[in-house]
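Note that chain A is present in both complexes that follow, paired respectively with chain B and with chain C.
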Partner chain A sequence: MSEVIATNQTILVVGGGISGLTAALEAAECGKQVILLEKSPSVGGRVSQLHKYFPKLCVPSCGLEIQYRRLKANKNVRLLTMAEVTQISGEAGNFTVSVKVAPRYVNENCTACGECEKAVSAEFDDEFNYGLKKRKGAYLVSNMAYPQRFVIDPRIAATDDGAKAKAACKYGAVDLEMAEQNLSLNVGAVVWATGWKPYDAARIQPYGYDRYDNVITNVEFERMLDPFGPTGGKIVRPSDGKTPQNIAFIQCAGSRDQNHLKHCSRICCMATLKQTTYVKEQLGDACKSTVYYIDIRAIDRIDDFHRKVKEDTNVTFVKSKVANITAGSDGNVLLNGVDTEGYNRYRNEHDLVVLATGMESTVPAGVFPAGININEHNFIELDGDSGIYGAGCSSDALDVNRAAQNATAAALRAIQVVTRVAGQEG
Partner chain B sequence: MADMKIGAYICQGCGIGDRVDTAQLASVAKREGKAAVAREHEFLCNAEGVKMIQDDIANEGVNHVVIAACSRRAKTEAFSFDGVCISRANLREGVIWVRPDTDEARETTQEMADDYVRMACAETKYQKMPEASGEQGLTRHLLVVGGGISGMTAALEAAKTGYKVDLVEKTGQLGGVAGEMYKKYPDKAPYNVLADNTTGAMVEAVNANGNITVHLNTSVTKTDGAPGRFTVSLATESGASKDVTVGAIIQATGFTPYDMSKLPELGGGKSPDVMDQLAFEKMVKANGGAIKKADGSEAKNVVFVQCAGQRSEQPGHLPYCSGHCCMTSIKQARYVKEAGGDATVIFDDLRTPGADGEDVYRGGQEAGVTFSKGKVSAVEAAGKGLKVNYNDRILAEDTSIDADIVVLATGMVPNSGPNPYVKLDLEMAEKDGNAELVEKLKAEVEKAPPSILNLMYRQGTDVPHLKHGFTDSHFICFPYETRRTGIYTAGPVRRPMDAHQAIEDATGATLKAIQACENAAIGRAAHPRSGDLSFPSFRKEGCTQCKRCTVECPFGAINEDDKGYPQYNEARCRRCGTCMGACPVRVISFENYSVETVGQQLKAVDMPDEFSEKPRLLVLACENDAYPALDMAGMTRQEYSAYARIIPVRCLGSVNTIWITDALNSGYDGVMLMGCQKGDNYQCHFVKGSEIAHIRMSKIDDTLTQLNLEKERVQTYEVSIADIQRIPQIINDMEKLIGEIGMSPFKF
Partner chain C sequence: MSDMNQAMVEKYRSSFLKEVEANVEEGHWVKMCMQCGVCSGSCPLGPHWEHPPQEIFMMIRAGKREDVLSSSSMWMCTSCYNCIARCPRGLPITHIMHGLATYAKRLGLQPKNQPTAKFSQLFWNNLTKTGRVNELKLGLALYFMNGIGPGIKTALKMQDVGLGMLKTGRLNPLEILGGHSIKDKSGLQKMLKKAFEIEEAQIKDYKG
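Take a look at the complex of A and B:
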């Protein structure tokens, strides 16, 4: 990896999701040198796992295709996958960044022909599908994966399967000798865009995510809609594969809660409204949706999406924070609580529950130099000319549009630092 | 440029060599494709294969390269050679991966591969390397219109990046609405406290910045040119005028509070103690924190009515949520609490999103603000004060609360210029003689606000509106995807937002404006065809001045000269090719994408005779959605008809009907156009391309009738990149349909 050339006029973007991609491309298209780091084997991040975007109900891979085309065409961006930042020291205009690169065991000779995948047999939980599906030990992350290059799971690297993968590759792309590498990069500015992870639903004990098969999360629900996903695109109950008839969506599952995430995750209301349209599209009148909510936050121009869903007679809204979930019969569950509109207690039976789990920031501890301000919600605060700028969901709980907007702003702040450095160095 | 020399490179890897006769492909490339060099390689994308091509470019003078291997979307970086034209024949995703590996399929699979090699050779034969237009110039200077918090942010951020800025403000002072605030929310956590208004310091910073020239009491009277070379005339109220040259423009003209006199039932305009949020803010600021009624007496009870005249389909109301008003009311309620009064917020949904929002809400609760979920029906006078009647949604009963002051949280109305498409639609309606529509549009034109930018564009004076009067912006992935290249709107004119978001938005818009200047300097396209160096040109001698290209350009890139000839503005153009598709006399082309580069491909296909039972289906597929979906169909081994021949197009809007006519005349049995969703929720990244293509194709029936062909032979589809299973099905359905209606008689 010694060919990676970075200087204090280089911008480092950490995270290859929608925010990181945006920041990297916008800066590169202003003529700046950018290194883009992604921890996983493919860029695209959380949005690549979504079925559709609100409010247009369009497909996230459409926008990603444009981003990947920009990436392929732009020589100012250097992409490193499977790379994680372990330490940043220094100051704006002169940071030293330690990076750990995990072995992919597949080099750039890979043509993505798929022969290695056919050759191996061991299977593992598929991260792209939140473990709802298995994948082989030699795999391509998704149909849209970029770089379009296979990965050998480290768990098979030293096994017969690893050897089979190597033997199956006619192009010398499987390199089982690859080892973890440590890089040190000198960069001028850092855009931190490592995004979010779904809040661990099992920690919301009263909802029994760990106890009831038919209590799932909104990100898992999203994967069900993918024809290449765990259910072949069908909305089904995990317990028995049957089509649900009465789905509950529970808002603020882990958000706006002093015991969990204090902040509002912003996207979950719109995500649920969107998911009720999936239910309608696939199951029509045969399935009812009930949304349990505190406030429906369909902010700004997209409030009409909310109104449209409200007109759907198959969707009911209950203003209530569900108290707990108990077992019913046949895999069904009972939602207990008080409908605050009129103060009526309820015990409602549903055959599938989708928890609108919140966004948890993935900003790490112990990586940043002193002076970088991380707030109590674990988001990076904008702090003048610190040289390290949070972008997207590393700066706040944001939807895709605001994340892209915010990442564009972060790119400018980074450009200002390297422009100043360039000016000083002539 | 030296003579054209085509080199064709045929990969045998990934099973291509096992499935098709690559020696035959090489022979096709040489004999029919006129390739001077044709080489097979067992692994073309590896270092050795790439070097073979590079050597031919360096030593053999190859300047047109045909890569017959995988899809153009795969191994793009390996097959990227500077200074030569490149064309890709998709033998992997487009042939062997979508066809079964059986003896029966072998012949038709080979025919597919042969055709794709013919097509790639034909394409590159008509491609040229894009050359600079001579229009380029680097202008590191921005115009910012609007001196509120968004505009000042843009100016300061641009200045900080080394750009010069002319900042134009209509009124006599900078600061805008943010300057009127008594207090604001802090920029950093903890957010549950109030902070001093810092707009004044920002105004000082702008005035002190040597890179920023402030023009007060000034408006823009004329904007001419294109990114990199806008000439803008500024005029002051006193009549003085001045021209400035800028590279890009940021419009940050903000908002006007919704006129609350339209809400008489809520007491709007009826009592001086019913006020909107801005009036309340000004009152508290003027009184140094004291809350006073219009008669000067102290107000003890203040009720805030959320969603006043907004989030409502009622005529005259705003259909959207203004996003900031819940946060603003909580802040103002805290002013009341700090002054020792009582404050009640009556809301439908309390909308305080994100990390700061929830802290703000909790801060309000901690300060003792009363929050009540309810729907207000009326605000009326009661004794010396006011009474608010509402339905309490928690207790499920009608009730009322007394108030000294009622604050109506009305929405933001964007300060946009007129929507240029209303005038353009009027022009079309007049041309079509649609009297009813003419009346309706005329009324709209009269109601329109005065122009802000006064663009000297054929397509109107201002930035188009997208929704509810807010200016252009894509909703999701590309917030700065504007239809007027190099002009970006920021702040509440773009979507409702608070000051904190306006600062973020203006900073992002500043980057895009800077990028537009840098792109213009080297003739490079902006998103979505970023980096494209080609641009459209036209042959004047053939042009009939029909103006279709100027009218249909989604980006307002083309003006008309006095005689009605098109005038291209390279830096405004996004390279979609909609003009090329529009031109009835086919005089518009790009150097690397033209009527010929596509037309010759479809003609290069070998056409079996009518009795062969081998139909030919032409598929023109949007390069961003339909084409990748077809690639992924290959990756997931979905089979589709061996008779389909697929050509990626920049946008369905670039499809010229001559291609359809040519295809039918040369014996194709079916023609399929695959573009993106059109309409209000359009998914076309060139905005109108797919829609325009659908309109054009609805008129192709005449051609079919003249040729005595069935209408079903030409079809247009809306597809998405996720239609990985659906698109193969559509193609197979077309093959089936041809089986039913029979082969085309036009096979010569």
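Take a look at the complex of A and C:
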């Protein structure tokens, strides 16, 4: 790896999702030096795993492609993938950041021809598809991966499969001698944008995500719609591959709950409303959707979308948080509860349940210097002087639109810090 | 008791919620309910409730004083704590239900012949007399709670259990003569009387 040059006039952006990309590009396009770190082998983050955005229902690959072009064109951003921050010390204008870079075992010569993938046989859970399908030990994260470069899973690096991958590569791109690197970077400001992960649905015991095949999460449902995804773009029941006829969506699964995430995850209402349009588009009148909710939080301009979904006669809304899910016949499940509009007790049978799981912050413990204020929901609180700024879903539960706005604001704060440093140094 | 009921009606004429917050154990939590319905759906006795907890909370906020306090609902609570474990807002629902039942009883508004209310009174009387529960007397009182006829019927039905307990020394027939007690019975009774007075005064003095 060529040397990474950083000074205290450099801005470090941690996380290469939509927020990190936005922050890095905004700062770089203002002429600042930026290092962008991404933990996984490709940038793009959660957005790259989505089928469509709300409320316009356009495809995320479009927006990401624009960001990737900006990234490719900008000399001021240095992207490091498979890199993780382990420690930050110092103060605004002068941070020392320890970074651990995991070996990719594939160098810049890779043309993404895919010969190594064909040569190897071991398979692993595909993280990009939340484990809903398998991938090979030599793989491209997704078709949209950036950089377009394969990865060798460390679990096969020292095996026969690793040697096969190396032998299959015509370009000398497979380098099994690569080792973990530890870098120490001196930077002036940090934009923290490690985003979110879906809340672990198995922890919501009464909903039986771990017990019932046909109880899935909203992020898994999103993967089902991808033509290159685990089901080839078809909405099916995991238990038997049948087309569902009666889908339930359960809101606030793990959000707004003292036993789980206390905060409102803000995106799940719109995500569910959006997903009912997938059902309508693909299955038409042959499938009903029922949304169980406490209250629908489709704020300001996106309420139009909510109203439109309400006009769909195949979508029913039940004002109730489902109390628990029990097994029905033929892989179906029974949703038990009491509704708030009349206090009617129900036991409704559904053949597929989608849990609208919330956003859990991935802000780590033990990385930041003292004085960085991380709130009870594990989001970074804004402190103008700290030099470390949360962006996107590291600062709050946000949708893509608001995350991009928030990241731009964080970039501007970071720019102010390094500009001040530059002024002092003349 | 009905004097006190009248006084409370006067005092909280405009807000039953305030009355509950002031006088019911854990009553200040009622306003935190967000009406999601998980408590009602999780209650194992749910289908037998006149109004599920979620509805009770809404009724309190809607000022339905008579309907709430004379309801049999909160007397159905078996303290399984399922609702507390699951409530997303952390409301101590079980405790609120017991608080409401206690308050209704204190005002004399509990449903007549509500078995849980009757048994609770029997238990209290039995316990406070000697400071120890006299199981024989409590058992008999429970059998005859609804009169002589049903009492004999229940006693006959339960005679094998009773004899078994006698044989294994789990039931002392001499307890019928008064039974065991704590050392300072009158001390206990004085203490309870004082506690009752303090509680009473608190309810009356509360400036809600």
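As a convention for this text, the second predicted complex is superposed on the first by the 424 of 426 C-alpha atoms of A that agree within 3 Å, B and C clash if a C-alpha of one lies under 4 Å from a C-alpha of the other, contacts with A are read in each partner's own complex, and residues count from 1 in each chain.
In the analysis below, a contact is a pair of C-beta atoms (placed from the backbone, for glycine too) under 8 Å apart; a residue touches a chain by one contact, two chains touch by 3 or more.
Computed from a predicted structure; not experimentally measured.
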item	value
Chain B versus chain C as contact partner of A:Pro206, first or second or both or neither	second
Greater residue coverage of chain A in the superposed arrangement, chain B or chain C	B
First (chain B), second (chain C), both or neither touched by A:Arg256	both
Partner chain(s) touched by A:Val322 [first = chain B, second = chain C, both, neither]	second
Which of chain B and chain C A:Gln416 touches, first, second, both or neither	first
Which superposed partner A:Ile35 touches (first chain B, second chain C, both, neither)	neither
First (chain B), second (chain C), both or neither touched by A:Asn143	first
Which of chain B and chain C A:Asp396 touches, first, second, both or neither	first
Touched partner set for A:Thr340, first chain B, second chain C, both or neither	both
Overlap of chain C and chain B interfaces on chain A (superposed complexes)	256, 340, 343
Of chain B, residues touching chain A in the complex	13-15, 43, 45-46, 70, 73-77, 157, 160-162, 187-190, 311, 313, 319-323, 347, 349-359, 373, 393-396, 467-468, 470, 475-480, 495-497, 501, 504-505, 507-508, 510-512, 514-515, 518-519, 527-528, 530-531, 624-625, 628, 632, 635-636, 676-677, 681, 683, 685, 720-722, 724-725
Partner chain B, residues of chain A touching it in the complex	18, 25-27, 29-31, 53, 55-63, 65-67, 69-70, 72-74, 109, 111-113, 143-144, 148, 170-171, 227-228, 256, 262-264, 266, 295-304, 307, 319, 340-343, 373, 375-377, 379, 381-383, 396-398, 400-402, 404-409, 411-413, 415-416, 419, 423
In the complex with chain C, residue positions of chain A that touch it	206, 252, 256-260, 294, 320-324, 336-340, 343, 345
Contact footprint of chain A on chain C as seen in their complex	34-38, 40-42, 46-47, 51-52, 54-55, 85-90
